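Multiple structures are listed underneath, in structure tokens.
Here come two complexes built around chain A, the first alongside chain B, the second alongside chain C.
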Partner chain A sequence: MLKYVVKRILMAIPILIGISVIAFFLIRLVPGDTVTALLGVNYNEEQALILRAKYGLDKPLVVQYFIWLKNVVAGDFGNSFFTKEPVLSAIADRLPVTLQLMFMSFLYSIFIAIPLGTIAAIKRNSAIDYGASFLGLLGVSVPNFWLGTLFILFFSLNLKWFPSGGFISFLEDPVQNLRYMIMPSVALGTAVGAVVMRMTRSSMLEVLGQDYIKMAEAKGVTDRRLIFNHALKNSFIPVVTVLGIQMGYLLGGSVVIEKIFSLPGVGQLSLQAITNRDYALMQGCILLVASGFVIINLLVDIIYAFLNPKIRY
Partner chain B sequence: MKEVVLEVKNLKTHFRTRKGIVKAVDGVSFKVHKGETFALVGESGCGKSVTCMTIMGLIGRKKNEVVEGDIFFKGRNITNISKEERRKLRGKNMSIIFQDPMTSLNPVYTVGTQIAEMPIIHEGKSQSKAKEIAVNMLKKVGIPSPDKRVDEYPHQFSGGMRQRGVIGMSLACNPELLIADEPTTALDVTIQAQILELLRKLKEDTESAIIMITHDLGVVAEVSDSVGVMYAGTLVEKALVKELFKKPLHPYTKGLLKSIPKPGSKERLTIIEGQPPDLHNAPKGCKFYPRCSYAMDKCREEMPKLIEIENGHKAACWLNEVNKNGK
Partner chain C sequence: MGEIWYRFRKNKLALFGFSVLLVFIILALAAPIIAPYDPFQMSTGETLQSPNSAHIFGTDQFGRDILSRIIHGTRISFKVGIISVGISLVVGVAMGICAGYFGGWIDIIISRIIDIMFSFPDIFLALVIMAILGTSLTNVMIAIGIVYTPIFARIARGSTLTVKDNAYIEAARSIGVGDLMTIIRHILPNILAPLIVQITLSFGFAIRSEAALSFLGLGVEPDVPSWGIMLNEGKDWMELAWWVSVFPGLAATLAILSFNVLGDGLRDALDPKLKNESE
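For the complex of A and B:
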């Protein structure tokens, strides 16, 4: 197992290098650079040249890339061109917000999706099943930004239950923090929940049709034991795969949701970095998100080994 | 005669489908005694598995499944007892082995856990005691180094070993009745013989009654004491094994026996022409008459009853009546 984890981590290195190449060159394809963004309307050639030389932007792209890569390997992600703040500390400030958003969305989605999907499968073709399928379709179809906007309109402006945007740290005031985070989490997690619910339902249905379930019934196990001991663990195997992929969706979706609810998270930071052509910050953010995704996938594969005894690393 | 473990009286299992009612089992009666192996023979879809699933109580719980008739287990009518009481019988008093050992074990639990589950749920045994029973059962069914194998997963077992495991699981609570639903069909021939031998040995040890479902007359001759031949949801012949092989009375049984290849014989194999009837609209009279070479007018009109022809040998065929009257 340990050997496998180490192997997987080593395998992540080429992936991350590939991502760093894409991140580095893609952002430079966007018209305008840091200097045009910095100078804005006061732009003139002379000053631009001086600034470019100062930030090392006058060197050939490939050289720039390797300088950056060398620093990153040494743990130095550079400074933001705008705020002069070190990229790592800027990300570290914003990361807890995004992590909390993802975590809450994740919990919300699985706590609703897995029980609902399971019940829908057990009571196939019942009112509950049809209701769950309808909700599932609705959840997948509704875009998160639209749902977020509706939440603000309804719960913030009309009912005034929750604040429409902003953030208070959990350590400062947990209750207020939750009030700020509930709407964004639900808006972000709904689509994920819908996908997971549908997957749980179909996977459960498949498992319930298996011979070993018939055998378990013939053994005289109670209905509860049949579902919880014999069916659930088997039905989780595909669900975990989907969950892993959906975490990527949560990461991407958090950019939009953070913007809508004015949450100071990594998504907002990346957006800001793109607008400002803040190369160092942008590259740092992308690399961080990519590493996060690689780690999540590693976790998924480790969970597999627990669920499925046929998989041994 | 020994104690009757199971008696089935005029059992009917019908399924309501969109195309109409399917009479999968239509009036089957038989008895199985303690220590007896009763074989149910017939081709695919003749209702042998449905009969046994109904006896187990695994069919008849859904709205579209209609069960009529009576099932007596050790003298007690269990047809209409509560779901919960029926569940308690399953596994403890009657258990079943399915055809495909590759799929009848849960892939995410060890074989030992799955065997141990039986004494845990039915006899309230502790985990460690139950595991001891599991090791014993594996030993009993002839699995080498059972104390190690008990912690292995089904995918680490070969097909024959898995079937042994399933048999061990089924017998963990010493049930009075064991139903073996084509237990050797999915196995290769050498393993088949081993499994049959094992079942015979276990039956001698435990004295439990066995219903052996099969379409293989070789298996019937090998292990069973008495035989019921099923065709399109009804029993068409019932006899002791020797009697049946010596003197089959129903044309269908005769056809079945003729279709077994004999080693060394140059004779062509005879087949039974045609297909079993569609159970949505089975023929009115004898269900076999469209395929029967002896069919008479009466066969078309009226269904023959399963009646005793000579010392316990029963058949449902008008032909026997004619022969009798002819004498």
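For the complex of A and C:
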């Protein structure tokens, strides 16, 4: 097991290096560099040269990459060209919002999806099953930003149940924090819930058709025991994989959702960095988001191996 | 083929998706004839009118007819779908077949590229590419095309690996058929089924991505009547006019839903063994 975990971690290293290369060079392809954006209408060649030298932008690209990588490994992601704030602290300030959004979306999706998927599989071809399948299809199809817009329309503007946007920290006021976070979490988590529900249903159906389930049934095991002790655990394996992939979706989707609900998270920060052509901030955000995704997948693979000891790649 | 059609026809939901898409295709092709108004025509006396007999879906803040804009938006969405999925398909399948067929270091390099591309959440990568390319319809299609390339590459690679050890491939190579010919004549036709399913599902992804990018202001040009642009503009008027945000989103959801059910139906029809998994 340990050998597998080490091997899997080693496999992630070249991917992380690849991500750093992309994060660095992709940004360099953006037309008009930071200095041009910084100077704006006051742009003149002489000042631009001074600023480029100051930020090290006059060195060859490869040299710039290695300087940047060396600093990143040492924990220095540079400073935002606009706010002068260290990139790492800018991200660290916003990260709790995005993590809370992802966590709440995740909880919402599994609390709805796993029971619904399980019931739909047990009561196959019943009204519940058809209803759940339809909801699942609708959930995967509805764009999250439109769902968010509808929520604002109904629950904020019409019913005035929840605020339409903004954020209050959980530590400051937990109740208000939840009022601000419920709609964004549901809007973001619905698609994930739909995918997980569909997967739970199909995986459960497959497990319920296995011989050992029929054997347990024949031995007179109660339905409750059959589902909880025999079927559910085994049907979880593909569900865990899907959940891992969906975490990436939550990370990407948070960009759109944070924008709609004016949440000060990493998604908004990335969008702001993209709009301002803030190199250092963009690189930091890309590196963080992509590495976060790789690490989630790594953890999923390890959990997967724990759940299913037969799996060793 | 007959058997596939028979299985497909039995799936009512897939048939529904297929029919809805046919309607969308007709709307897209005949938009100028079908749309009751010019989608760009502003009318200061008719701003933000709620749905009524003259404007079934109401009008926007410039007095433009929302139904006509949605009908013209179908053209944009389907154009984005066709071209971006075309890009992902051609590039992805070429990458995947090369990796699976030739193996060795070609496979290692291509597989690592695919892994790295998969490390970026799709909408996030599309946003970064749009920042590089700048907002325009063509660039949206390129960005979405790049983002979905690794999916096709992974499917093509996996399918090629299962197909390439078959006796007919060995037979073709033993009589001196070249690599390119083997790929075109023998590999490609045998990996089509999973690709067709993925093409259908990717259309839905592409439509959603375009709408999301345009909604964020990093998609098509603001004067293009795309569903995402309409939603972007609509959100500022939501308090006064719900219809400006509701109808374009409904159109997008219906189109994506139809592609999803069609994709599911095709998967069941093309490979009945997978039926359980897709249910």
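As a convention for this text, the second predicted complex is superposed on the first by the 298 of 313 C-alpha atoms of A that agree within 3 Å, B and C clash if a C-alpha of one lies under 4 Å from a C-alpha of the other, contacts with A are read in each partner's own complex, and residues count from 1 in each chain.
The criterion applied here is as follows: a residue touches a chain if its C-beta (ideal position, glycine included) is under 8 Å from a C-beta of that chain, and two chains touch if they have at least 3 such contacts.
Quick caveat: nothing in here was measured; it's all calculated off a predicted structure.
Q: Specify the partner with more touching residues on chain A, choosing between chain B and chain C.
A: In the superposed model, C touches more residues of chain A.
Q: Which partner does A:E217 reach: the first (chain B), the second (chain C), both, or neither?
A: It touches chain B, and chain C stays clear.
Q: Tell me the contact category for A:W146 with respect to chain B and chain C: first, second, both or neither.
A: In the superposition, A:W146 touches chain C alone.
Q: Touch test for A:L307: chain B only (first), chain C only (second), both, or neither?
A: After superposition on chain A, A:L307 lies in contact with chain B alone.
Q: After the superposition on A, what does A:G131 contact: first (chain B), second (chain C), both or neither?
A: A:G131 contacts neither chain B nor chain C.
Q: Do chain B and chain C land on any of the same chain A residues, and which?
A: Common interface on chain A, chain B vs chain C: nothing in common.
Q: If we count contacts the way the header does, which residues on chain A are in touch with chain B in the complex?
A: 210-212, 214-222, 225, 230, 233-234, 307-310
Q: Hey, which residues of chain B end up touching chain A in the complex?
A: 56, 58, 87-92, 95-96, 98, 100, 103-108, 110, 117-118, 121-122, 153, 155, 166, 169
Q: Under the touch definition given earlier, write down the residues of chain C that touch chain A in their complex.
A: Checking each residue of chain C against chain A gives 13, 112-113, 115-116, 119-124, 127-129, 131-132, 134, 204, 208, 211-212, 215-216, 218, 231, 234-235, 238-239, 242, 245-246, 249, 252-253, 256-257, 260-261, 276-279.
Q: Once bound in the complex, which stretches of chain A touch chain C?
A: Spelled out, the residues of chain A in touch with chain C are 14-15, 18-19, 22, 26-27, 29-31, 133, 137-138, 140-143, 145-146, 149-150, 152-153, 157, 198, 201-202, 205-206, 248-249, 251-253, 255-256, 259-260, 270-271, 274-275, 277, 282, 286, 289-291, 293-294.
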